[in-house]
Amino acid sequence: MKKVVTFGEIMMRLSAPLNSRFIQAGHLNITYGGGEANVVGSLAHLGIPVSHVTCFPDNDLGYAAAAFYRKYGVDTKDMVFKGDRLGLYFLEVGASMRASKIVYDRAGSAFANLDPAWFNWEEILKDAQWFHWTGITPAISASAAQACADAIRVARKLGVKVSADVNYRRNLWQYGKTVKEVMPDLIAGCDLIVCAEQDAEDILDIVPDANEANSFVSIASQVMKRFPNIKQIITTRRETLSASYNKLKGISYDQKEYLETPVYDINPIVDRIGGGDAFMAGFIYGSIHYTNMQDALTFAVAASALKHTVEADVNLATVPEIEQIMKGNTSGRLVR
Amino acid sequence: MKKVVTFGEIMMRLSAPLNSRFIQAGHLNITYGGGEANVVGSLAHLGIPVSHVTCFPDNDLGYAAAAFYRKYGVDTKDMVFKGDRLGLYFLEVGASMRASKIVYDRAGSAFANLDPAWFNWEEILKDAQWFHWTGITPAISASAAQACADAIRVARKLGVKVSADVNYRRNLWQYGKTVKEVMPDLIAGCDLIVCAEQDAEDILDIVPDANEANSFVSIASQVMKRFPNIKQIITTRRETLSASYNKLKGISYDQKEYLETPVYDINPIVDRIGGGDAFMAGFIYGSIHYTNMQDALTFAVAASALKHTVEADVNLATVPEIEQIMKGNTSGRLVR
Amino acid sequence: MKKVVTFGEIMMRLSAPLNSRFIQAGHLNITYGGGEANVVGSLAHLGIPVSHVTCFPDNDLGYAAAAFYRKYGVDTKDMVFKGDRLGLYFLEVGASMRASKIVYDRAGSAFANLDPAWFNWEEILKDAQWFHWTGITPAISASAAQACADAIRVARKLGVKVSADVNYRRNLWQYGKTVKEVMPDLIAGCDLIVCAEQDAEDILDIVPDANEANSFVSIASQVMKRFPNIKQIITTRRETLSASYNKLKGISYDQKEYLETPVYDINPIVDRIGGGDAFMAGFIYGSIHYTNMQDALTFAVAASALKHTVEADVNLATVPEIEQIMKGNTSGRLVR
Amino acid sequence: MKKVVTFGEIMMRLSAPLNSRFIQAGHLNITYGGGEANVVGSLAHLGIPVSHVTCFPDNDLGYAAAAFYRKYGVDTKDMVFKGDRLGLYFLEVGASMRASKIVYDRAGSAFANLDPAWFNWEEILKDAQWFHWTGITPAISASAAQACADAIRVARKLGVKVSADVNYRRNLWQYGKTVKEVMPDLIAGCDLIVCAEQDAEDILDIVPDANEANSFVSIASQVMKRFPNIKQIITTRRETLSASYNKLKGISYDQKEYLETPVYDINPIVDRIGGGDAFMAGFIYGSIHYTNMQDALTFAVAASALKHTVEADVNLATVPEIEQIMKGNTSGRLVR
Amino acid sequence: MKKVVTFGEIMMRLSAPLNSRFIQAGHLNITYGGGEANVVGSLAHLGIPVSHVTCFPDNDLGYAAAAFYRKYGVDTKDMVFKGDRLGLYFLEVGASMRASKIVYDRAGSAFANLDPAWFNWEEILKDAQWFHWTGITPAISASAAQACADAIRVARKLGVKVSADVNYRRNLWQYGKTVKEVMPDLIAGCDLIVCAEQDAEDILDIVPDANEANSFVSIASQVMKRFPNIKQIITTRRETLSASYNKLKGISYDQKEYLETPVYDINPIVDRIGGGDAFMAGFIYGSIHYTNMQDALTFAVAASALKHTVEADVNLATVPEIEQIMKGNTSGRLVR
Amino acid sequence: MKKVVTFGEIMMRLSAPLNSRFIQAGHLNITYGGGEANVVGSLAHLGIPVSHVTCFPDNDLGYAAAAFYRKYGVDTKDMVFKGDRLGLYFLEVGASMRASKIVYDRAGSAFANLDPAWFNWEEILKDAQWFHWTGITPAISASAAQACADAIRVARKLGVKVSADVNYRRNLWQYGKTVKEVMPDLIAGCDLIVCAEQDAEDILDIVPDANEANSFVSIASQVMKRFPNIKQIITTRRETLSASYNKLKGISYDQKEYLETPVYDINPIVDRIGGGDAFMAGFIYGSIHYTNMQDALTFAVAASALKHTVEADVNLATVPEIEQIMKGNTSGRLVR
C-alpha cells in the first residue's frame, strides 16, 4: 500500500500528573505531539504505512521526539535535524467544570525557522497516496507556510490526494501575515478539508445562508463552490458538558449527500488532546478501507471517541476496537 | 469459628498504570489474584478464619504471591511450592466505552501441572465449615479437576458445606475434556452454586422454560431437580453502561423463595476485577452471620459494589462499611 | 491593601495514593492543611495579602509545613516554633459509594499545647482588615480556646472584622469543656459566621421555628437576635450523590435579604477536603471586591466548586477561573 | 520447631524518597518497623516459626501495621488492638557525609499506654523456645517496662531462653525512672545479651579494666560476673566511613572464648535501619542451626551486612544468600 | 551502508524498582531485552542500519516488545507475530555484596516454538553486511537452533560476515540435545566469535595449553585451528568487586596479534545487564569505522563500560560519548 | 539583620529521573534554579533575610518558579512578571564515567528581554547589606548586563557590599559583545569575587606569573592590583574522579593571607548542580557570622560539599549540619 504523509511541527508535551496544577507539580509527564504527526501515528497503529516530515533541533530532545513517533511505526527518515530548539507545550488536565489549560512555548523552534529548501517533496511524496496538513503549520512562520505550499503543489502534481484540517488558532499567526492572506491559496489545493463553521467564517469570511436549513451544508456548499478541487468537507460536532464529559458526532457534506453519525457519550474523558487528529486519521483509514462513506465517517468518529480514553496525543486504538464501537458496542465490557 | 477453605490458582496480575495501554506502560503494577483466593482474602478481611490451598513454583515469585494473601490474613500453610512457573495475567484498565482487556499467560503453570496426591484433604478440611471452588479450576487441567473432585468428596464426607461459582470460561478447557464432561459430577457435590443463566446453558444444557415468567427461577428449579444436593442458587445481574459505570443487583432462588436486592449504581468504577468473588465472599459471610436470607444476599451485593471502588482483586471493604451500604447509605459522605 | 489574618492548627495530611486503601499503600502523598490556613492559602492565590498564625514543633516537619503555606504566598512570620509534635491526619480517598475516610492523629500537638502568651495580637493584627477563625480551634484545648478569645477581643478593639466558621466537630472537645460552654462567647465577637442549621442546634440549641417557611432564615434570625454583632450568616448546601458527585449551592441571610446561588454540579470530585474553606475564602474575597452581595456569594460557591477539582486542601483556583464559573461557563472547555 | 517470640513497639516508618529532604518530599514511603519485630520478621524469612507481641490502636493504621508483619510470616494472633495512636518515625536518608535523620513521633502511642494485664504470657510463651526483647521497650513507659518484666519472669519459669539487645537510647526514658533504675533487674533475667561497651557504661556503670588488653572481654566478664544467668555477650563493631560506606564485624565472649568475624565492606548502603536487628536475628538462627559458635556469629554479621542492601527495617535475605556471604562470596556476581 | 542483522529471542524484562526485592515490589519496571537484539539496538544508536529477526505472540505484549526496539531505530519488518506467549524475565537489582537475581520465565514462548520455515533468510540478508547470533538461541529449542543454522548458511553463501557470542548458559539446553552436539557446527560458520576461556571448555572441550604463557591466546589458537573460518576471537575480562563496582577490559587474538585495552573502573554500576551485548555492538561498530583493531577493541570496551551506567538492556551511549571514554576522559565532568 | 539581594535568571530545571537518559524518560522531575537565586535560597535556609530580583513571564510557569523560591524563604516582591517565556534547562544525571548533561533552552526568555527600567534599585537595595551577581547575567543580553551594571552602581552608592562569581560560560555571550568588553567594568565594582584561574585568563587575560610559587596567589594579586575595590578572591578546587565521586576544597587570598580548607570527599554525589552557588552562600553566611576568615571559608566549602548530597539546585543544609562537617564529623552517622 502507498503511504500517507504528513507535515507539521512536533512538540514535547509536558503534562502535570493526574489533576494537579502546575504550581503543585513535582514532575511533568512527557510525551510528544503535533496535529499532523498525531494523524500518522494513529494511522500507523491502524496498519497504514506512513511517514511524517518535520524539523527538530539536532540534540537529544529532537532525537527523543523522533523516537517517540518511530516507536508507533511512523517512518522518520525524512525528518530534518537542524535548528535551535524543540517547541514545547505545558498541559494541565482539568476535571468537572475546571478546564484543561495549555501554555505554549513554541516560539523560535527549529520548525518555525525551517528553510523550505530542506525538503525534497518530489522524493518524499513519490510513494504516497495521501498528503495531509493542518492550518497550524502556515500559522507558525512564513517559511513553514512556504514549505506547506511546496508540498501541496508537488502532491497535486504527483496525483497524491491532499487533505487539510483548516483549524484556525488565533494565538498563532504572528509573523506578519494574516490567516486570510495565506490560507485560501493553500486550501485551494485540497481535495478534502475538515472545517467547522467558525473556521469558515474566520478564514474565508463564509457564513451560513439564513435560508438554508442546515448551516453546515450551507457553508460547505459555498466553500466547495469557491474551491473547486474540494470534493468533501467533514467535521465533528462536540457538546462539552464538562471537562470530564463530552458528546461527539461526525458530519460530512460532499455536494450530493449530508451525513451524520450517531452521538457518542464520552464519560469520563481520560485525555481530550488529539481528539480531532484521531478523527482525521480515522477518516483517512475509513476512506481507504470502506466503500461506504457513512461507514468511513462513523469509523472516524468512533476512533475519535476512543482516543478520549487513551493518554497522550496519539490514538492507540486498534481497528477491531474501533469497529466494536461502530457496531454500537460501547458498554466497555471486560475483554478476557 | 471453623474456617472457610478455597482451592484454586493464584496468578500474578500485572496492570498498566491508570488508563495507559500496554504499549505505553513503563511499569506494571503488581498484585496477585485468583477467583477462589479472592473469596477467602475478602472473608479474612471480614473476620472469618480462612485458608487457601494452591500450588506455586518454589521461587521468589511464588513466595511473593503467598505473602500477598498472608498479609490479608489468609492461612498459607497448605500451599505447596513445586513446579515451574507462576501463572500471570496482564490487565489494561479501560474507561468510558473502552473495555478493560486481559492477556492471560497461565499455560504451564505450577498449578496446571499439580499432582493431586500433594493435597491431604482430610487434614486440610478437618477444621473447616465451608469449602468453595470455581469452574476455573477444573478448566485448567485434568489434574486440577481431579484435585477439585477429591476435595469435594472429602468435604461432603466431613460434613463441610460445599459451594461453587460455576463460571464457564470458554478460553480455558484446552486439555482434552469439555466442560460438559467434567463439571456435572463436580456440581453434583455442591450445596450451593453461583450460576448465571448463560452458564446453565453452556455447562448443563439447561434453558429457561418459556412458560415460566422468571427465567432464573425456571433454570434454578431445573438445576436443583437434577442435582438434589443443591439447595440454593444465586447470582448477580450486571448492567454494563460503560467501563466506568455499572449497575448491580443480586438474585437468589432456594425452591421456596425468589429474592432480589436493590440495584446499586457504581460510578465511577475503580477496579472491576474480583467483583464476583466479592459477591461470593459476602454471601458466605452473610449466610454465617444473618438469619435472614434477604440480608445475606444484600450484604453480598453491597460487598461486591464496594469492591468495584477498591484497587486489586481482593475486596478490602469492612463489615461496617458494607452494612452502611446495605442500609442505603450510598452517598459516600466523608467519614471524619 | 490591609491583610487577612487567620489562626488555627495546620496538620500534615498523609493521603493514600489514588483510590488505594491504607493497607495497600506503599507511600502516602503529603501536603499540609488546616481549616483556617486553607482560607488564607486560597486568599493569597486570589491576590489578597494574608498571614496565618499557628504553632509548630521546632523540627523539620514544622519547617516543611510552614514552607508549604509560604510557597502559596502566606506570610509565616507570626508562626511560633515550639512544642512537641506536628498534628497529622491520614486520608483515604473514596469513590462512588465508598466514602473518603480520615484518621486524625492530632492529640498532643504543638498547637494543642500552645501558651496563649506566645501571641502578641496587638502586633499581629495591627495591619489587618479581617480576622477569621473556626470552631475547630476552641475544640482542641483550653489554651487554644483562650488564644482564640484573645485574638477576637483584640480584633474588635482594633476595628478588624471578625468572622468564624462555627463548624462543630463531635470528636474534638475532649479537654473537659463542652462546645456549649465555650463557643457562645466567641461567636458573640463575630461580625459574620458560617453556620449550618445542624451547627446552630448543636452549639446554640437554636432550632427552626416551625412557622417560618425558610428554616435557614428562621435560624439565622434567632442567632442574630442573640448575638447582635453578627450581621450576616452564610453557609453552603451540599447534596452528596456519591463520593464522586456532589451538588453545591451557597445561601446567605443578613436580616434584610435571603440570597442563594445557582447549584453547581461537581462530577467527578478530585478532592473534597477544603471545600468549605474555599467557600469562606471566596466569600472574603467577594466581600472585598464586589459591591453586590449576590456576586460575593456566587463567587464564594464557584470558588468552592472549583476547589473540588484541585488536589490538596488549599484552593488553587484563580480569580479569572472563578469568574468564568460565576458567569456560567462550567463546560470545562480546553483553554489553549 | 518451637517458636521465637518478641515483644515491643512497632511504628509506621515514613521515609522521604531517595535522598530528598523532608521539605522537598511530595510523598513519604511507608513501611513499618520496630527493633524487636524486625528480629522475628527476619527470622520468619529464615524459616523459623515466630510470633510478635505488641499493642496497636484499633484503627486502619494498626491493622496495616499488623498486616505488614503478617505478610512476612509473623504470627499476629497475640497482638492487642487498643489505645489511641500508632507511633511513627520519619526518616530522611543521608548520603556521603550527610547523615540520615530520624524524627520520632511516638509519644502517647497505644504501646506506651498499654496495660500489662492485656498479655497472658503463660499462654503466649507456652510453645516458645526463645524470648527476645530490647532496651527500647522499658524506656518507653512504666507499663511497657512492667510487661517486659512479666514476660521475662514467665519465660524463665517455662525454660524459654531469654535474650536482649540492651540498646540505650538517651532520648527515651522520660517517664520518671532512669535506665539505671530499671534495666539491671531485667538484664538479670537474660541468658544472652547484645551489649556494646558504651551501653555497659551507660546502663551498668561498667568500664573496661585498664589492665585487660581486650576491652570488650573485660566488660563482658564484669557483666557476666554481676549477672550469673548471662552466659554470652555479643555485639557488632561498625566503622562508619560515610553514610554510604560502613565496615562491620561481629564479636562475642562467653567466658571461655573471644570470637570475632571477618570485616564486611558495605558500599553502597541501601538502608542502614534494622542492621542491628538483622544481626540479632542472624544470631538466633545461627545458634539454633549451627553447632559451632564461630559459624553462628559469622552468619549473624553476614545477615546484618546483607540487610544494609535491602530497603525497609526487616531483613529479607534468605539462608542461601547469607551462607554465600559467610563463605566469602561477596562479589555480588549476577545470579541467572 | 549495508545493514547488520541479528536473530534471537526478545523477552519482557520486569525489574523490581531501585533495590527492592520481589516480595516488596508494588510495581515492576518493564523494558524488553534479548542478547542479540541488544546488539542491534545499540548499533542503531551508533548510526548503523540494522534489523532484528525474531518471533512474538500476536498480542499486545508482542507489539509492545517490537515497538520498544523500533523506537531505538531497529527495523522490525522481518519479525514474525505467531505463537503463544512472550518470554519474560524478572530482575531484582543487587547492591554492594548482594547479587542481582534473575528469574527466567521463557518456557513455551513464541520464539521457542518457532517454525524455521517462517524465515526467508535469502530475503532477510540480501542487503546485510554482518549477521550476529549468540549461544542462547540454539540453547532454546531444536527449531531455534535450526533457524540459526539456516541463517548462518545463507549468510555465508551471500558473503555476509558472521559473528557469534558463544555464551554457554547451563540452565538452558533442555530440549534433548547438548551444547556439545549442537554448537560446533554453528561455530564453524563464524568469522569471529566472542568466547571466554570457560566457554571454550564447556562448549568445545578446549583448555589452555600449560606451556603457553597467555591462556587466552592458547585457547584462541586451538579454536581457530579447529574452525578455520574463524579469524579473530575476542572477549571481556571482568573483575567483580561487588554488585556495585566492577573493572572491565577487552582482549583479542587474531593469530597475529594479542591485544588488550585499558581497564575501566565502573563505580557505581547502574545496570549491569547487556554489558556483553554492548561490547559486541561496540566491536561491530569499531570494526566498520576504525582501520586499527586496537581502536575497535577499545571502542567496544568503552561502550560496554558506559552501558553499565545506563538503565535497561540496550546501550544508549553515543559515538562521541564513547570516544571520550576511549580518550581516557572518564572523569564524568558535567557537560553544559 | 539587613538582607542579601541577588539578581539573575531563574530557569525551570527538567531532569530525567534517576540515571535514565532523555530518550528513556516518561517524565521529567521539575524544580527551578539559577546561579544567583540558589545563593539566596541557600542563605534563607541558613536564616539570613534575602530577596531575589528577576523577571518571569506572566503565566503559570512564572508563578510556579517564584513560588518555588518563596517556599524556601526568598522574598519575591521585587520579581517582575513580564515577557514571553520561562528559560528552561534539561538535565540528564550521569554516573560513574558517564557525565551529566545539560541541554539549555533559555533563548528568548523573559529575563533575556528585560527592560533595565523595570528595576528600581534604590528601592530594592535600600535595606540590603550585600548584593551578589554572577558572570552569567551579563552574558545573557545587553539589557541584562545593563541592569546588572545599574544594580552594582546603586549598591556601591548605598554602601552595600558587592560580590560576584565571575563564572565564564563560553556558550552564552551571543548578543554581540564579548566577555572581555563587558565584564571588567562590572568586576571593577566588586568588593569580593569568586574567580578560578581559567576565568582570570578568559575574562581578564591574566595568567600566573611563572616566578610565583602559588599560581592562585599570583593571579589574585594581579586582579586586585587592577581592580582596587576588590579586597578578596576566593574559589573552590575540585578533583573530578568520576560523575559519582569528587573531592573539593576552598581557597582564598586577600593580599595578606592565602588560606585553604581541608579536602572533602564526596562519594556518592547525589546532585552536583548548584555546588558553586552553595559555596558562595556559605561564604556570605560565614563572612557575616564568623570573625575568623578560615572559619568562613571552611563553612563555605563544607556547605558546598553537603549540597552535593541534596537533590535540586538549592542547598537545603542547615547551619548545625554544616558546622558538623566543619568540625570533621563527616562519617554520616545516623542521627536519631
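Letters A, B, C, D, E and F name the chains as they come in the text, with residue numbers starting at 1 for each one.
What we mean here is this: a contact is a pair of C-beta atoms (placed from the backbone, for glycine too) under 8 Å apart; a residue touches a chain by one contact, two chains touch by 3 or more.
This structure is a prediction, so every number in the text was calculated from the model and none was measured.
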Given chain C and chain E, the chains that contact each of them: A, B, D, F
Equivalent interface positions on chain B and chain C, same or different at half: different
Distance from chain F to chain E - Cα centre to Cα centre, in angstrom: 45
Interchain centroid distance [CA atoms averaged], chain A/chain D, Å: 63
Touching two or more other chains - residue numbers and ranges from chain B: 21, 23, 26, 67, 71-72, 101, 268
Parts of chain F lying in touch with chain A, wherever the complex brings them together: 14, 17, 21-23, 25-30, 59-61, 63-64, 67, 84-86, 88, 90, 92, 101, 103, 105, 107-108
Chain A partner contacts - residues on chain B that touch it in the complex: 18-21, 23-24, 94-102, 104, 169, 171, 240-245, 268, 272-273
Chain F residues touching chain C - in the complex, by the definition given at the top: 67-68, 70-73
Partner chain E, residues of chain D touching it in the complex: 71-72, 264-270, 305-306, 308-312, 316-317, 321, 325, 330-336
